[in-house]
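Consider the two complexes below, in which subunit A is the common component and subunit B and subunit C are the respective partners.
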Partner chain A sequence: MTIFKFALKRSFSNTTNIIFLTLFPIACIFLPNGEEWPFLPYGYQYFGLLILFVGIRLATIILEDREKGVVKRLAVAPISHFQYLSQNLLAYSIILILQCIIVVYGGVLLGKELYQPGWLFILYGSFSFASLAIALAWISIYRNKDASFLVYMSLIFIIVVLGGLLIPIEIFPDLLKRVAVIFPTYWLAEGLKWIVFSEEILDFLLINGVLWLYTIVFVIVGSIRKIN
Partner chain B sequence: MRVLSTVKFTALRMLRSYIVLLLLLVVPIILLTVFSFILSGAVPESGVPYINETSMTQVLVFQLFGGSIVMSLIYNDLFTENKIRMYALPFNQTMYAFSIMMCGALFSTLLGALLMVYSQFVLGVMWQNWLWMIYIISLMAVLSIIVCLIFTFSVKNFKIAERLSEVYGIGFVVLAGLFFPMPENGFFDFLGSYGNPLTLSMGAIRDMGESNIGDAWFQANILLGAIIILFVVMLILGRRKIG
Partner chain C sequence: MMIASMQGVVKRYGSQLVLDYIDLDIQEGEIIGLLGPNGAGKTTLIQTLTGITAFERGKVELFGQTENPFSNQNKEKIGLVTQEITVFEELTAKENLQFFAGVYGLKGEEKKKRVAEALEFVGLADKGGKMPTKFSGGMKRRLNIACALTHRPKLLIMDEPTVGIDPQSRNYILEAVKKLRDSGTTILYTTHYMEEVQSIATRVVIMDQGQIIKEGTVNELIQTVQHEEKVKMDVTDPESVPIHSLEKIAGVKKVIVSGSQITVISAVHSGNLDRIISIVKEYAGVLGIQADKPNLEDVFLTLTGKHLRDKGGE
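For the complex of A and B:
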């Protein structure tokens, strides 16, 4: 588990990452409640946006490895690509899960109205994995980490708007409402709605299932070894 | 005046930086289009469609990030990669830095104007006063460039300066209350009104639209004042760093 240990260390080694990983989630807890929309406090609505950013920041570490030729050295070392990738991903998912715990249970401690914190935590967990997987697939088509980050950032803004995380999806015109289904953020927004109005457990399972489907597909796309 | 011969190349470098074009032109165009779909036909009681306000906000918000290209060009040319080459050239380096700034301001204003043209002719947004709008946009562009350069000159690590410039942009969007309502107390009220370039410029344009010419000029002049003060700060910091 050496790689795992160092992946954890590296994730926290840079100042921007520390701010992203600790300060921002805590700030999320303290954001105010919305009036009519969103149903959960603003911080919990926007936490999805933060998860997407953290996902790409963490996945960029793998891209950095490729840029610096570490992957090439690993290829001749007695370690398989599977070990390298799985230990890295394990470290990142632990960080993301910790973040979700901080946000959800910190909110509970502060007495925020979260309806069903347990389910909320599971929803954020599924979305974190989806975000990490998408980021992993994204970096596999890039060679330059700055370019990949900036283009992904612009993509995030569009996805977040189109998925109904920033604006309630009810006011969208029909066409956009139907298109929104393909974005993972749509499913997060649906999940958040479910948390508040909880109807059937099956709906919640479907939402998580879709997020897991994204995770599986994008991990497969992103896990191909690229040596350049 | 030998610097003038470099202007052409600075302009070319800016026009070819595809990431900046993507972030400051393509993304806002997509967002504006999406918003115009969502808000199509929504007209509040005042009679001005929501999309007008939204597109004005968007055009101004993206001006907050206009300084990033100038920052990276100056950093590359005068501090790192091309430093020695630039100092070997027979021209005044300060004037060169200044010419990059002017080019950046023009470039950023041009992008803003393109967004306005797009939203007028494709999305049917009516801009009341083009000249005033462009004046405010250029003020925002210059302010953003100066702030970014202050970060470049005052922070040792350029990565941190870049992050700070993003904090400047996103921070003022958040403080303007566009994402969520800010708490109501004196400090946040100030930063959500007269202490915030974004709300100042939005207010200036809104007042001009309602022909409150006095108020509009007042808010624009606060921006201009901030630019002058920060320009002096930038000069002092820049002299220490370059000289």
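For the complex of A and C:
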């Protein structure tokens, strides 16, 4: 489990990451409630954005290994690409899950009205995996981490807006509303609504199912071994 | 015992033929100096030999296995020092070594010992807790080497391990390589520096444009190419030296006088240096003598028409 151990260590090795991984989620808990929208406190609506950032920050470590040529060393070592990838992803998943726990149960401790914290935690979890998977697929098409990160940041802003996470989707024109379903952020926003207004459990399963579909597809795309 | 071999290996990048039917055998205990100009295909050869890149034709054999040469069992016996510095910049030198030791399955006390040993070996024992970003180029290079050593490979492949570093680090690395050789490690060593090959290689392989164009010991190579020996003398009074009596000495092919310098070219191994000098001394004062032995650089130049290093490069 050397790779796993060092993946954790490297995740916390620079200040930007430490801020993203610890301070920001804690800050999320303390953001105020909205008046009419969002239905959950602001921090819980925007936590999705943070999950997307954290996903790319973590996946970038894998890109760095390729950029620096460390993967060449790993390619001659008695360890498979699957072991390398799975141990890295496991470490990142644990970090993301811990964040979700902090945000959800920290809120509960502080007496925030989160309606159904258990389901909320599951929703964040599903979205975290989707975020990590998309980031993994994203970095696989890049050779330079700075370029990858910059373009992805812009992309994130587009999808959080168009997915209805930053502004309510109800105010969008019809066409945009219909396009929104292709963004994972749309499903997160739908899930957050479900948490507050809890209708059919089937709807919630569907929402998580879509997020898992994203996860599976993008993990497959992102796991192809690249050396150069 | 045969450690590794390549038979008829062909590799293309796009339409460019980068390895053109490579045949290479590496026997246990050898130190092979792999020489070639930029773009000759040295790194590609190494990458196909270690299974990093696929090749389209031919066979690679490692430790007697052709069916599955890149098995984990074989990989454990190979160490690769990459041409670029491939270490983690956010981890300390020691952590880097712990990482690679761990990847090679070392654990606990044994791992600790090997990590300390590797640091010591490259002269970074007191720098283990430092980040490589704080290292000089030479220290980074040494760490890059150490990362390939913790698992004590039987076959160590070093791709330009001394490129662009200070002479001190370079000597350190060369001495380390000699120590490894003495402890029985087989080494494939790529470099642009002739002197390094001349001082450590038991066999030299010269590559150009994807082909191995010559191989042999340093002396063999020099002999196959150079058939002449040159003696240059600076003398006080060149006109008074009887050229015809120099020309009559056995083995002498040509005598050239230019300015105060007399150059005598003889067939190789004619052993006539003493006679030449004594004749010249009878008629004039000898201020300086320079016996030019051909070196690998001449061999390389003759074979490829290229200098080993781009002028001004590195």
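Quick note on the criterion: the second predicted complex is superposed on the first by the 228 of 228 C-alpha atoms of A that agree within 3 Å, B and C clash if a C-alpha of one lies under 4 Å from a C-alpha of the other, contacts with A are read in each partner's own complex, and residues count from 1 in each chain.
The rule is simple: a residue touches a chain if its C-beta (ideal position, glycine included) is under 8 Å from a C-beta of that chain, and two chains touch if they have at least 3 such contacts.
Nothing here was measured: the structure is a model prediction, and the numbers come from that model.
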Using the touch definition from the top, say if A:Ile227 reaches subunit B (first), subunit C (second), both or neither.
second
Partner chain in contact with A:Ile158 - subunit B first, subunit C second, else both or neither
first
In the overlay, answer first, second, both or neither for which of subunit B and subunit C A:Thr2 touches.
second
Subunit B versus subunit C as contact partner of A:Val70, first or second or both or neither:
second
Could you look at A:Tyr42 and tell me whether it touches subunit B, subunit C, both or neither (first, second, both, neither)?
first
Which parts of subunit A are touched by subunit B and by subunit C alike?
none
So in the complex, which bits of subunit C are touching subunit A?
47, 50-53, 72-73, 75-76, 78, 80, 82, 84, 86-91, 95, 98-100, 102-105, 147-148
Spell out the part of subunit B that touches subunit A in their complex, as residue ranges.
19, 22-23, 26-27, 30-31, 34-35, 37-38, 40, 159-160, 163, 179-181, 183
Where on subunit A is subunit C touching in the complex?
2-3, 5-6, 9-10, 13-14, 68-70, 72-79, 227
Subunit B-touching residues of subunit A, taken from the complex the two chains share
15-16, 31-32, 34, 42, 46, 146-147, 150-151, 153-154, 157-158, 161-162, 167, 171-173, 175-176
